[in-house]
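Let me begin by presenting the structure, written as structure tokens, before commenting on it.
By letter and in written order, the chains are A, B and C; residue numbering begins at 1 in each of them.
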Amino acid sequence: MIAVAVEDVWKFFGDYPALREISFTVEPGECLALLGRNGAGKTTLLRIIAGFSPAGRGQVRVFGRTARAVETRRLTGVLGHGIAVYDELSAIENLTLFGKLYGLADPERAAREWLERTGLERVAHGLVREFSRGMRQRLAIARAFLHDPKLLLFDEPFTSLDDRAIAVLQSVLRDGLLRGCTIVMSTHQLREAMELATHVALLNQGRMVHRCERPPEMLSDPGWLYARYGDL
Amino acid sequence: MAAWRLVLIVAHKDLRAELRTKEAINSSFSFALVILLLFSFAFDPTAEVTREISGGLLWIAFAFAGALILNRSFAREQPNDCLDALIAAPVPSAALFLGKALANWLLLLGVEAFCFPVFGIFYNIRWTRQFWPLLLVVVLGTWGFTLIGTMFSALTVNIRLREVMLPLLVYTVMTPCLLAAMQATSLLLAGEPLAGEAAVWLRFLIGFDVIFTSLSLILVETVLAG
Amino acid sequence: MRKNIIYVLAVVAAVLLVRNLEVILLRVPVDAEQGNVYRNLYFHVPSAFTSLLGSILAAVASIAYLVYKDLKYDALAVATVEVAMVMLTVTMVTGSIWARVTWGIWWTWDARLTSTFVGWLLSIGYLVLRTAIEEPTARARISAVYAIFASADVPIIWFSIEWFRTQHPAPVLRAGGYIDPAMKSALYWNVPAILLVGVILVLLRLRQEEMRRELDGLRRLAHTLS
């Protein structure tokens, strides 16, 4: 089954089309990197796929269902600009909370596992507000992966992460890809993204101007796509 | 998973976060005390006058103090974009809303539970004479208030100047709920039974609660993920 | 095309208003008890009626927006709320002037006045809420939800305040009895005139909203190009 199918999606802010006739599909196991400058529509597109806001026209299917279907949400992991964990709760409480919301059989165990994987097991009972920035980011990664999602939607995942968090994220993403996860991410950090991406798509002023398998050239020269497709 | 379990999980999360810091509940209760103090200057607090306006006095204190709690409800989700994570989770919006409303409601009832004895002492009112009917009115009135407050808090969550705007929106829509709660409370504090006029006000409260609970549950998905 | 319709309607309204003014100011007899001030009744009642129609239309348009997600319904909603608000203001001001002359007071908390005032505040809330949201689609959605809450509230407000005032009588205001046929006819003639003014204002606002949206779209486009 196709993981993400976007069919002729438009999104309007008032009369202004922030997205225009976007159509593409992502097969399971692919990692699609959405490129484009600020305001090109990357975040808007991701938010539509994540079900945060409906498309103005056209439709999005995730594993055959609408983006807002409860079953879809169970299969999707989202990591946006914010870390989306509660300052007043401890690390383990945060993860257990989301484990419960996702209906995991044993939320506590999943929480501990992920604290370990992200190197936070020692501070499991520390309140998040006492955490350093890097620790929060790793907790956010744990939160997004906790329920073993089949589709990962990341908005600028590598932006402003510290080295350790980047390492953790890359390792769990690679792990996920090996297990057949599908990833759609928007990014500016081309170097990190290119190592993972199997496909790239370029957005410009709300249009998808190019989509292809990641060209090998982009590993050594991440700006390759930009250089070739338009004055961005 | 049953929706009511999700409601409880969300409510539990909110209560735990609030009770850990107690920032909203402390300021809310203190504010209620300040209002009760200020009212003693507004009129001569003799027994008769007080009894006549006791409902209005208490509910204005509740409404103003409660706004502090309601304000925190969705504001707490703001700093780290937590609301996005909740919306993305496989939780129906209605369950999410009910969970947050439930937590707010319990916190408000907690503040009110402290206010009644304080009010009784300060203003020499025997407020327990119609205890159970009074409890019913307080519970229903607070639910109506919580409902509107939580809904509008969700509605304005991403809006600039939300703190400035919320009172105007919330208190106006709440007018009938507050009016009914004030009147019923005054009557019950005066020792009258829950019959006649008081019963009519109770019916208004129930009607308000039913209508706006349904409306909120219908519209909350549009508000959160429209 | 639409522009021409507005011009035609404006001419009709102007003719009608001039004719009505002539009748109201010069022809209809002076009220035996109230004197000349009663003449503002000819504006008071039609504007109240127009504002009521406008509010109903606004509620319908808000629901239509949430169903069809078409911004023209949002434009209709804001246009009708604004016009209804202005008409409500006219109603309250004319009523107030009349009350000052007839009863010697500007205002009394009678059921009808109180409900009108709450309704006026609800429309102010709607307009203030709109100013705080920058993105047109989000603004349309959020204000539509608020409008639905507010309009569901209006009947409850009305009944609760009516009931409140029957329990706590305020000065009785309703003058009944015989009305001179000339007065009646003058009143009936001015209802369509004021209604027409309302319609013209709504049409103008609709055009303005349309242009504003276009402008906003172009501005956003310009931002992406810069």
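One rule holds in what follows: a contact is a pair of C-beta atoms (placed from the backbone, for glycine too) under 8 Å apart; a residue touches a chain by one contact, two chains touch by 3 or more.
This is a predicted model, so every value here is computed, not measured.
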item: Pair joined by the larger number of C-beta contacts - A-C, A-B; value: A-B
item: Core chain by centroid distance, with centroids computed from Cα atoms only; value: B
item: Interchain centroid distance [CA atoms averaged], chain B/chain C, Å; value: 32
item: Separation of mean Cα positions, chain C and chain A [Å, integer]; value: 49
item: Separation of chain A from chain B, taking each centre as the mean of its C-alpha atoms, in whole Å; value: 38
item: Junction residues of chain B, two or more chains touched; value: 226
item: Residue ranges of chain A touching chain B (in the complex, touch as defined); value: 50-54, 68, 70-71, 73-74, 76, 78, 80-89, 93, 97-98, 100-103, 127, 143
item: Contacting residues of chain B [partner chain C, same complex]; value: 148, 151-152, 155-156, 158-162, 165, 168-169, 172-173, 175-176, 179-180, 183, 197, 200, 204, 207-208, 211-212, 215, 219, 222-223, 226
item: Of all residues in chain C, those that touch chain A in their complex; value: 69, 71, 135-137, 213-214, 216-218, 220-221, 223-225
item: In the complex with chain C, residue positions of chain A that touch it; value: 12-16, 18, 39-40, 56, 205-206
item: Contact footprint of chain A on chain B as seen in their complex; value: 1, 6, 9-10, 13, 16-18, 20-21, 76, 79-82, 84-92, 225-226
